[in-house]
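Below, each structure is written out as structure tokens.
The following pair of complexes shares a single chain, subunit A, combined with subunit B in the former and subunit C in the latter.
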Partner chain A sequence: MNITIGKRRHSPSFNEHIRKHFFHLPLKNDQAVVAIAGNPNVGKSTLFNALTGLRQHTGNWPGKTVDRAQGAFLFREKSFLLVDLPGTYSLLAHSAEEEIARDFICFGQPDAMLVILDATALERSLNLALQIMEITSRMVVCVNLMDEAGKKGITVNIPLLEKDLGVPVIPTTARNGKGLKEVQTALYEIAVQQRPTAPKQVRYSAEIEGLIQELLPRLQTLPAASFFNSKWLALRLLDSHPPFVENISRFVRLQNAPTATYQEVEKLHAYRLE
Partner chain B sequence: MATLSSLKAGTQATVASLSIEGLLRRRILDLGIIPGANIRCIGPAPSGDPIAYEIRGSVIALRLEDAGKITVQLI
Partner chain C sequence: MRTALNKPADPLSQIYADLEPLRHTSGHQLADRMVADIFANAHLIASQVIQQDPLRNPRRRSRLDQLTASRLFGYPLMLLLLVGIFWLTISGSNLPSEMLSRFFFRFQDILSQWFQAGGAPLWLHGILVLGIYRTSAWVISVMLPPMAIFFPLFTLLEDLGYLPRIAFNLDSLFKKANACGKQCLTMCMGFGCNAAGVVSSRIIDSPRERLIAILTNNFVPCNGRFPTLIAITAIFTAGSAAFAWRHLLTAAAIALVICLGIAFTFAVSWGLSRTLLKGEPSSLVLELPPYRLPKFGAVLYRSLIDRTFFVLRRAVVVAAPAGAVIWALSNIYLGELNLIAHGAAFLEPLARLIGLDGFILMAFILGLPANEIVIPILLMSYLSTGSMLEIDSLAELGTILFAHGWTWLTAVNVLLFSLLHWPCSTALLSAYKETGSKKWTLLAFAIPTFIAFSVCFFVTQAARLLGWA
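== the complex of A and B ==
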């Protein structure tokens, strides 16, 4: 099987163009973009504030961050633009907030993803982490609410989790600033030093893996193939969710690809619907 | 086999299958309600709908109608 995990690097000017066009991100030269994702109410905004020193409104209810918030911080003289995404359980569901998060992760070309897990409900939060690991290898996992977990008598085996996931895992208690330095260091290593990771990939049933193999050769010829993990793109075509396929098509078009490419994506999609 | 909606408050079961399609199915799977998962009924809202369940350490509420489409195996 020949699958590229993660994206090839594109010229900074092109990435800037994409980010401006889709997400209105005001980017300074050479700024690394880090997006924060996680389930609702795991402390994304608290961590965001702790890292940036901003006072974005935080609150203990789901749906608080409905749009993206942005802030910057400096670490080892490198400027990071932090994007706080709305909470989501999945990249495949379709509420408005979840679409904002999903589109940014898929098309925003972040230099690193910071995925926040809830130490008190690890099993549930891992669903999103695994989905993001299918898209990109440039990620740091943060197990937040360690203090809450401690109160409930839950301990988390961080080294084992890190080994199983294949990406850096950092325990934090964002509320009292515990683990922040370690998070920044890990982000620096991933986004700036291009530290390699080996995110564990989900294996699907033989039937689905077969269909993926059938689609892969056709997807890899698309110019957009360098942006997406082709296996991930194949899975989305198999899901056959038209609005998202439309977004992918829009993205392909923006890339100044010949119109044929855009039609090719639609054709591949139609092919799955038959 | 029973439906999730027929569970009495405090009883536990294992999810057997979901006869829900489309986006709602996706959503319910994303919340961790997948075949084989343990689920405990916490109890209904005063009007009887929705019903709260504990799954994988968190509490979620499901509409009576949707819970009726999930079959479970009593433990």
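== the complex of A and C ==
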């Protein structure tokens, strides 16, 4: 019994394993997983706390201790598990934080990503958003710190940004709780109602686009293509370290296995930069 | 399914393997271009959706960054700040140094009188007063004033937010050496103390780049070596210029020595990443924090209490017993010569090859516990009286050095050797704790030692061959 979401096939038993053992997520039945990503100090934790209220508890990531919070909230009788990823500027995996964030987005298979942008430094936070949009289409973007931006004389054209990015964009001021309901509604639409999105894809320079086009025919026939965006795969084959590529293969193999065992999932987890 | 799981290579890994030559030749440029393209896309989007009210736009910060992080002015500005800081340090610390040493040595006479009045044996007076007290006094009077000026100035720059800009400027150089731009921050820590520099390498995430940072940290002179560098440079640039320009010349010479150390950091990092620690550099995402007006009270407290007195205490704690040992060694005679002279005579042939003499090399060896005591040990060994003379000024120190056959070549070699030689025992211990490996600790000792000996050897032989010395 596989659920089909777009082109992806999720095997529930395996994802349960991954979430439980790789990411230490205690999942209740039918709970939707939402991961929050964003630059450091854009108000991720403020938004996290505002959304979850007091019902949060903390856990540790496997490996290096990087604080991570998870908490649950209920919206329209659907339970959401919110995972606060470490703050990063990119997903290029040059630091433990970036690696953790990237691995969760790739292998944790969240039902939706909540990407938080800084209205006072939009360009910088868009870098991260664009990188996440290459991996998943199931995302909600939130432009936070709207009050600070207002003080600095910055106005953000939200409808235009939404049109540009092709995913729901919501202005918020997490500190005052402004925009929370809208964020929850958007998350519900993406994670539960499977609202389709058309995430903006980065246009690379001619040489890189050429390399991608060369690789695409070979990649599109692979089993990995049913789990990952082929263009993203092509890019990662060009710039990744071997362990990450091995991990993608392992992830795909395990998805196709009838039952994934704890040890096999552990191998995924054993991946380190070196 | 089992067999599928155990299959050695899957199609994805196969494609990855096929791309290996491409990644090898231009993978790094490709990754950089990908990042640049993503940034360009983000810039395009942001420029369309953002409107900035021109009246409320604080542009001052970015204008300052255009200067400090610019290609044209970035490096000269860094150099200017470096020379400026040393100039202030040198010209500011001269007078207090003299006052301190005069005070300490006057008190030494009083101490001696007390010992005589109390009927203490000569050897006790020797060890305690001429050994321990004198060495400690020398270390304090020579080291305290420069530190009390240098550290607050350095902390001021740090609070202002300038250090991340230095890292930003040097990142491209580090990348060429296949190392991490954050290594610059560990270098900055190394200026204070190499042991602290080694520990701060934790901020570098890649183990390969962290090891490079640890192995090369001692090429930036720590605070323990600054007094040596300052004293020797000051003596040998003293006669060469008019009084008003002397301090500036000295400061420029020290800045040159430091730049040389940084050049060695790059060269060795480059060499390591091509031999023992092969790999690609990771790109650096460094947030340039806004420039802030430093809080002067906090700067003074942090630089004086946390840094100056911490380092000084360490110096005295090591130098005091060392002073006692040196006094003992110089007063135990085997035949005609005391033990120090024996040691120096043994080291003499090797030392001559690299333009030093046996006493200097031995001072460096005995200075392993702390670089601060190299010059005090050298002086103690030079002076046949068995303990240090009163040295009120650098000029007198110069007289002693000239009397023992120092030439400009000796001075240059001492500067080079001090800059490049093995790290002190504390830094080595930190390296062992951080790497957890005897092999890397041994390398942290062996690489600088090898470089120091070879550089001094080549400089000496070249100078002699050319008839310059």
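Everything below uses one rule, namely that the second predicted complex is superposed on the first by the 223 of 274 C-alpha atoms of A that agree within 3 Å, B and C clash if a C-alpha of one lies under 4 Å from a C-alpha of the other, contacts with A are read in each partner's own complex, and residues count from 1 in each chain.
The definition used in the following text is that a residue touches a chain if its C-beta (ideal position, glycine included) is under 8 Å from a C-beta of that chain, and two chains touch if they have at least 3 such contacts.
These numbers were taken from a predicted model, which means no experiment stands behind them.
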Which of subunit B and subunit C A:74 touches, first, second, both or neither: neither
Partner chain(s) touched by A:156 [first = subunit B, second = subunit C, both, neither]: second
Which of subunit B and subunit C A:249 touches, first, second, both or neither: second
Subunit A residues touched - subunit C or subunit B, whichever exceeds: C
First (subunit B), second (subunit C), both or neither touched by A:123: both
Which superposed partner A:92 touches (first subunit B, second subunit C, both, neither): both
Which of subunit B and subunit C A:202 touches, first, second, both or neither: second
Partner chain in contact with A:238 - subunit B first, subunit C second, else both or neither: second
Overlap of subunit C and subunit B interfaces on subunit A (superposed complexes): 89-90, 92, 94, 122-124, 127
Subunit B-touching residues of subunit A, taken from the complex the two chains share: 89-90, 92-94, 120-124, 127
List of subunit B residues in touch with subunit A within their complex: 23, 26-27, 30-32, 55-58
Subunit A-facing residues of subunit C, complex: 1, 4-5, 10-13, 15-16, 19, 22-23, 27, 30-31, 33-35, 37-39, 41-43, 45-58, 205-208, 282-285, 287
Subunit C-touching residues of subunit A, taken from the complex the two chains share: 40, 89-90, 92, 94-96, 122-124, 126-127, 129-131, 151-158, 160-161, 164-165, 200, 202-205, 207-208, 211, 215, 218-219, 222, 224, 233, 235, 237-240, 242, 245-246, 248-249, 252-253, 256-258, 264, 273-274
